[in-house]
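Each of the next two complexes has subunit A plus one more chain, namely subunit B in the first and subunit C in the second.
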Partner chain A sequence: MPPRPLSPHLSVYKFKYTLTTSILNRFTGLALSAGLLLLVYWLMAVAGGAHAQARAARLLSLPLVRLVYGALIMAFCYHLIAGIRHLVWDTGRGLERAQAHRSAWLVVGVSIALMLLVGYWAWLAGARAP
Partner chain B sequence: MTGFRLPANSRIVKGITHAAPRGTRELRTVRIYRFNPDAGVNPRLDSFELDARSCGPMVLDVLIQIKAAIDSSLTFRRSCREGICGSCAMNINGVNRLACTTATRDLAAEIRIYPLPALPVVKDLVADLTNFYAQYASVKPWLQTRTPVPADRERLQSKEEQERIDRPAACILCACCSTACPSYWWNSERFLGPAALLAAYRWIIDSRDEATGERLDELEDPFRLYRCHTIMNCTDVCPKDLNPARAIAEIKKMLLERQS
Partner chain C sequence: MSLRSPLGRVLGAGSAKRGVHHWWMQRLTSVALVPLSIWFVVSLLSLPSFDHATVVAWMAGSWTALLLILLVLTCAWHSQLGVRVVVEDYVQGAGARTVTLVSLMFAHTLIAAAGVFAVLKVAFGAAP
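Now for the complex of A and B:
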């Protein structure tokens, strides 16, 4: 007998608040891990003397790299708030269906507010810089 | 381990359309996953157009009507038609539910029905639950005791002790929760899944059970228990309103507490 087919999963399952918040948490976590490379590069440049530092400063202020920072800041805000939701869950609280539904929207709302706040602060800092 | 993409033999191809009978007033289109193990071809998605007034209010009524009037080869499991046997669990409009307790009027005009996700398909909407049942058996879902039974009475519990297990004990093993869980999709050979873990929890917190330590030992494993990442699909879909996610969180807490 030929092997049985596998029933469809990801391609048919509805992306409700559960799946969406979870997968966003995964993706932002991955993005932040990758983003650490930028930080490592900057730290190495700082340790590598004035020449390396100046080159890094030039490279890191390119518009495209700034765009990456922006994305990383957004990822950080979401990942932080979603992580707090997971911490609360791990204490055994907030696990009823209605609570989880509410907290999903809360995470989205609070992380967007945080993104705007950090974005505004970064924009101010950028405007002050020479 | 299941991949993100379906294997080549599992990809769904275009199916047959059964046009609505003449004089249809309330058209309802139902797309159903079909697989015939004897045909040697890929699964397909058939469309059935019918008059909504020709069948009863639930999705199961629609399936029975299609089987009776349009295609008698349509295969699905059903028994009690009142949400207590768990046989007719399937993926309806993207969410796992019981066909018998899902009213068609609560769904979009077009209904899409697939078997429970990420399982081997036996035929049409009938998926192979062998592994699911084996995992249930692996948590030893029965009372385990060391002490002798009291001579003059049964092993009694208080009302509160019974109430603690009321909800987890109401599981009907329909598999809606486990097959809604992405962690279970990717690791069903090693992760026990929400249904089996809910059953394990029901016996761990049973005041009469005396194998709590052994039960927790069995679960202390990076895969059997800890593949749960609190995605919450299980609790979201449970047709009996049970809470496997909380049961799993409680087991994790108990494992942590006994370390200290």
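Now for the complex of A and C:
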């Protein structure tokens, strides 16, 4: 098989914020894949009983891991809103350049608002965590 | 009339009729994940506490268990489809790409099975 070019080749494009929203969707998706790992680790710990969950909680309540939760919340909010934008595109709407620029800003604005909301809620929930 | 070249027909390297499947499944899983993931975040953050008894009581609820299983399965499927495209885009060399893709598929299968197993174990009251 002949070597294929890398696609999308990140270093050859002129910077555009529509490009940034696109690659961010990919990065946040990868982050959420790692988040799924964390979720299943926690579910398995709960299934393992009170002792197993307490052992896992020692790891899951480390300050560094709490930072990871923050990053995952940001990734989730962004990926959710950007994903909905993709679903709208799939119906053939909003593909004109001006519309795509506008929706890029809309995605950033709405997802930041959602991040603040969920982040604050998670902060309150975190205070109840062991 | 076939649009395929004679060489293509002899080699049998034509369309496998499955080109749209990956794209379509990525869309379907994303549509399903919009309500599922919002439910999960709201439900998890509404828990009064995260000690074992509270979490077990939550997970053992029939609807919670069912939705958690659907969430884990749909997430794993969506993640597998997404990560696969990233690997196909950026991992060079047929050998390395194949090994990476197969490893990721095994990893996603393991994650999905572990998640379903854990929820079922708690839901059926087998968590000590």
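Annotations for the structure displayed:
The criterion applied here is as follows: the second predicted complex is superposed on the first by the 115 of 130 C-alpha atoms of A that agree within 3 Å, B and C clash if a C-alpha of one lies under 4 Å from a C-alpha of the other, contacts with A are read in each partner's own complex, and residues count from 1 in each chain.
One rule holds in what follows: contacts are C-beta pairs under 8 Å (C-beta built on N, C-alpha and C of every residue); 3 or more make two chains touch, one makes a residue touch a chain.
Quick caveat, the model's predicted, so the values are computed rather than measured.
By the touch criterion defined above, A:L32 lies against subunit C but remains apart from subunit B after alignment on the C-alpha atoms of chain A.
Put subunit B and subunit C next to each other and count what each touches on subunit A; the higher total goes to C. Using the contact criterion defined above for the overlaid structures, shared-chain residue A:V12 touches subunit B, although it does not reach subunit C. When the two complexes are overlaid on their common chain A, residue A:S22 makes contact with subunit B while staying clear of subunit C. Looking at the shared chain after the overlay, A:M44 reaches subunit C, while subunit B stays out of its contact range. Touch criterion met: A:H86 reaches subunit B and subunit C at once. In the superposed pair of complexes, A:F76 makes contact with subunit C only, with no contact to subunit B.
Contacts of A:V118 after superposition on the shared chain: subunit C is touched, whereas subunit B is not.
Annotation: subunit A residues 1, 3, 6-8, 86, 90 touch subunit B in one complex and subunit C in the other.
If you check the complex, the residues on subunit B that touch subunit A are 2, 4, 6-7, 9-10, 12, 33, 35, 37, 40, 42-43, 91, 93-95, 112, 114-122, 127-128, 180, 182, 185, 229-233, 235-236, 241, 243, 245-246, 249-250, 252-253. Those residues of subunit A that touch subunit B in the complex are listed here as 1-14, 16, 18-19, 22, 86, 89-92, 95-97, 100.
Residue ranges on subunit C touching subunit A, taken from their complex, read 27, 30-31, 33-34, 37-38, 41, 44-45, 47-53, 55-56, 59, 68, 72, 75-76, 79, 82-83, 86, 89-90, 92-94, 111, 114-115, 117-119, 121-122, 126-128. Remark: subunit A residues 1, 3, 6-8, 26, 29-30, 32-33, 36-37, 39-40, 43-44, 46-51, 53-54, 57, 76, 80, 83-84, 86-87, 90, 118, 121-122, 124-125, 128-130 touch subunit C in the complex.
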